[in-house]
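As written, the chain order gives the labels A, B, C and D, with residue 1 at the start of each chain.
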C-alpha cells in the first residue's frame, strides 16, 4: 500500500528529518510507527500526505509514485487519505457536525448522506451527544476524538494517525484503537505514529521504529521493542 | 474522481445524468453564495464596518458623477454666453430682415436666432446697463438693429463660434458681427480645469475603492488562514476554497453599493437647498437630478464587480500561497 | 508587584531610584515603538497596501483643501465684481470731484476708488460694448462722469455692498449709484453651493479615513487574536498588549500621511498645466500654491493622530474582549 | 497553597464540569490530577489560573480568595503561575527564544537577565540547540517542551501542567518529570493533570482523581489507583 524507497527529507535550514528510509506497508495492513521525539515520525506521515515533498527518493501509494502527482491533483489524492493530526486541527468557529462533515461537503455528498455518515462517525468515537457543540466547549480528549471522526467519516482506504491517543486516557485509547481495528478489518490500511509503548505492547501489530531519521526496526513484531529505543539522542 | 484508488466510487458518480449534474453545480454555487451571506451575518459589526468603508468610498465617485451631471445642466445654460451679435446695415427693409433671419435660422451651426429692433435695443440697453437716466439725454436712438445668434453646442467653443461668425459676416445685410471671445475663453479654461480636477479625483477615488476591497479581502483571508489550511488538508481544491471569498467580495461590493446609494441620496438632499436657491436666482429652470434607475443599476453592478475583482486578486494570490505546514 | 506571593521579588524592584524608573519607562516605550516598525517591516506588502489605502484616503481631503485654497485666490479676483458705479451730478467741478474721491477713499468699507471722466467712459464703453462704430453716430457724449468703487472683501456680499451703496448715494455730488446685485447674488449662490459641496465631501472623506484606519487595525487585531490570548495567559496587562497596536496605528497614519503628500504633489503637478493656462487667460497674477511647510506638518500630525485614534478605538474594544478561552 | 471549597463550575450551556469539589494542595507539594476524558481536569486548572470563574464556591491560592481578585489584577496574579497547556499555545511567528522570553519581557527584565534565564530554561528541557528556530520547524514533542520552558522561565512559585507529556516518549516524559521534581525540591508547588498512568504509578506523589466533575480520590497515594477509574461514563 505504502512504499518508501530511499527517502531522504532535509528541511530548508539543513535539518535532516529522514535519512534513506525504506519500508513497505502491505495493503490492508495496520502498523505502528514509533521513535523518540524528533525522530521523524510526523515527517514520514507528512510525506505520505503530500504536505512535504521528499528531498530524494520515492514514495508510492497503491503503486502511484507521489512525485508524479501535480499540485492540482493533490487535493483529490488527499481525499483518499484520512488524517488525524497531532494537534487536532479543527475549525474553532464551526460546530462539531460541520467539522466532521467537511470532507463530505468537499466531495459534494447529499445532505442526507452527510447527516447519516457524520452521526455514524461521531457515534464510533462516543461523541454523538456533542454533535451540535462548538469545539471550544469540548475537552482536549473530546477534540482529539472529533478529529478522529473527521478522518474516518468518508471511509478512506488509508488512515494516518499522528499521536491519536496523546490526550486520551488508557480506556479511551483502547476504544479508539478498536475503532481503527474495525476499519482495518474491512480493508483500510492504518498507520499510527505513537509514543504510547503500553498501547503498542498490548497489540500485536507490525511496528516501524525511527531513530534520528533512520528506520532501525522494520517488520519486527512489537514484542521485542525495548524502551532503550527511546533514549534521547540530541 | 478517486486518484490513488481506482476502484473507489465517488459520490458524484451516483448521478450519471449530465443535466442533473449541471443542476447540482448551480445548486452548489447557490449554496455557497448563501453560506457566505451567513458568514457575513455571523460577524455583523465587522462586516458592516467593512461595507461602510466600501460604501463611503463608492459614494465619493458617485457624488462626483452627480456633480458633473448637474454641472452639465448648468453649463448648458452657460452656452448662451457664446452669443454672436450681428449689426444690420442701415436702411435694410423689414422684409429683407425677415429673409436674413430665416436664412440664418437654417444654418446647421445655429441654435437660436433673435431679432432686436433698434427701439427694443435701446429699451433693453437702458434697463440693463443702468445708464437709464443718462440715456434719456439722447435725442436720437444711437443703436442699430441687431440679430442675436446662439450657436449649437458644438459651435459654442471659442474656435467654433469664431468660425460661425466669419460666415455670418459675409451676409450682405450684416454690417459687422461681434463675439465676446475673451469671456468664452475664460469659461472654457474654467471648465477644462474642473474636468481635469474631476478626472484626477475620480481616478484617485476608484484607486481607493479598489485598494480598500483588495485589502479587506486580503486581511479576511489571512484571518482565516487556519481554516484554509484545514480545508486543504481534507482535500479541498483551490477553487472550492476561493469561491466563498469571491462571493463574500461580491456581497461586500453589493451592499457597499447600496450604502453608497444611501449616502449619495443624503448628500443630494443636503445640497438640494442651496442648489435650488441658486437655480431660482439664475432664473433658469434647473431641476436637480439624482441617480436615475439605470445609473443605480450601474452603480450596483460596478460595485459588485469591483468587490469580485478585489476579492479575485487577493484570493488568487493568497489562497495559493497558504499551505498546510508542519503540525501534522 | 507580586500579588499572590508577597515574599516574591519583582524585577522592577531592583531599581529603587524613581528617576531611573522613569527613564526605563521611556526606553521601554521607545523599544515598543521600534518593535512595531519591525512588525510592519516583516509584512512589507501587506503594510504598504494598508498605508496606500490610508494615503489615498488622506490625499482626498488634502486635495480638496488645496482646491479651496487656490479657489480662494480665484475668488479674491472675482471680488472686484462687487463694483459700485457712482454717477456724478452734472456740473460738478474738478476740485469738488477730487474732494469726493478723497472722502470716499477714506471709508473703511472701501477698497479702491477709480475716477472715469465722461470722455474716458465713452471710449471704454465703445471698446467694451462692441457698439464702437454705432456710437460714432452720437454728436454729444451722452455719458456722465463716474466713480468706480470697489468695496473691501467684507462688504462684497450683496447685503454689504447695498449698504455701502446707500451711504455713498447720500454724497451731494453723486447723482445716483448703481450696483449689479443680480450678478453678485448669482456669484454668491455659486460660492455657497461650492462651499456646501466641499463640506459634504470633506466630511465624507474624513469619515472614510477614520473608518479605514479603525477597520484595518481591527482586522489586524483579529488577525493576532492568538497572540493576544497567549500574552494574556502569561500575565500581560491590557495596556502592554495595546501599546504595539497604538504605535502601529501611529506609524500607519504617519506613513499614510507621507503617501498622501506625494499623491497631492503629483495631482498638483498634473493640474498645474491647466491652472496656469487659466490664470494667464484671466490675465490675473494667479500663482498655484501647494502645501506650505506648516500645512505639511499639520497633514502629518493629523494623519498620525487619526492613526492613533483609529487604533485606540479598535484596540480599546477588541483587546478587552479577547479572553484566552478553553484549550488550557 | 491551593484550596478549593465546594467549587462548582457549570459552563454556559449547562454542562456541569465540576461538582462541589473540595481539596487542598499543601505549599511546596507536587501532585497529580487524573480522571477520564471530560472529567473536568482542565476546568479545574483553568479555575486556578482565573481563565474561568467558579459558578459557586471559592478557590484560594496562598490564602488569597480568587473571587476577590479584580479583572485588572488578573495579569499580575498570573505572573505567579507557570502554565503548561494541553496544546502548546506558542506564537508561531516568533522564534523559540522570543516565545520563552515572553513572561520575562512582560515583567520588564533586562535583556541580559532574559538571555541568561531563557538559555537556562531551554537547557532544562533539552532544546538549547533550537533556541533560534521558528516553532513551525519543531516536532510536536519539541513544541511541548518549549511550552514547558516558557512556564518555568520566570521561576513561578506555582506550576500548573495540563497533559505535559501527551506528545512525549516515555524517556523524555521521565526527564520532564525530573525537571518538575527539581523545581518542587526548591519549593515550587506543582500540579500535573495527566492520563499517563504509567507515569503516575512510577512516582509516589499525591494524586487527585476526578470523575464526572466530582473529586473521588483525594489524598490517597497513587499506589491504589485502579484503571477502572478511567471507565468512560458518558
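To be clear about the criterion, contacts are C-beta pairs under 8 Å (C-beta built on N, C-alpha and C of every residue); 3 or more make two chains touch, one makes a residue touch a chain.
Note that this is a predicted model, so its numbers are computed, not measured.
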item: Partner chains that chain A and chain C have in common; value: B, D
item: Longest centre-to-centre distance from chain A, chain (CA-based); value: C
item: Cα-centroid distance, chain A relative to chain B, in whole angstrom; value: 59
item: Rounded Å distance between chain B and chain C, as computed from the means of their C-alpha atoms; value: 26
item: Rounded Å distance between chain B and chain D, as computed from the means of their C-alpha atoms; value: 64
item: Sites on chain C at which at least two other chains make contact; value: 325-327
item: Multi-partner residues of chain D (at least 2 other chains); value: 42, 86-87, 137, 140, 162
item: Residues of chain B touching chain A in the complex; value: 1-5, 8, 10-12, 24, 28, 42, 226-227, 229-238, 240, 323-328
item: Complex contact set, residues of chain A against chain D; value: 11, 13, 15, 34-38, 41-42, 86-88, 126, 129, 133, 137, 139-142, 145, 162-163, 166-172, 175, 195, 197-198, 227, 230-232, 234
item: Contacting residues of chain C [partner chain B, same complex]; value: 46, 49-50, 52-53, 56-57, 59-60, 63, 67, 85, 87, 130-131, 133-135, 137-138, 140, 142-144, 175-176, 178, 180, 182, 185-186, 189-190, 192-193, 196-197, 200-201, 204-205, 207-208, 211-212, 214-216, 218-220, 222-223, 263, 267, 270-271, 274-275, 277-278, 281-282
item: Residues of chain D touching chain C in the complex; value: 42, 45-46, 49, 51, 61-62, 64, 69, 72-73, 75-81, 83, 85-87, 89-93, 102-104, 106-110, 113, 150, 157-158, 162
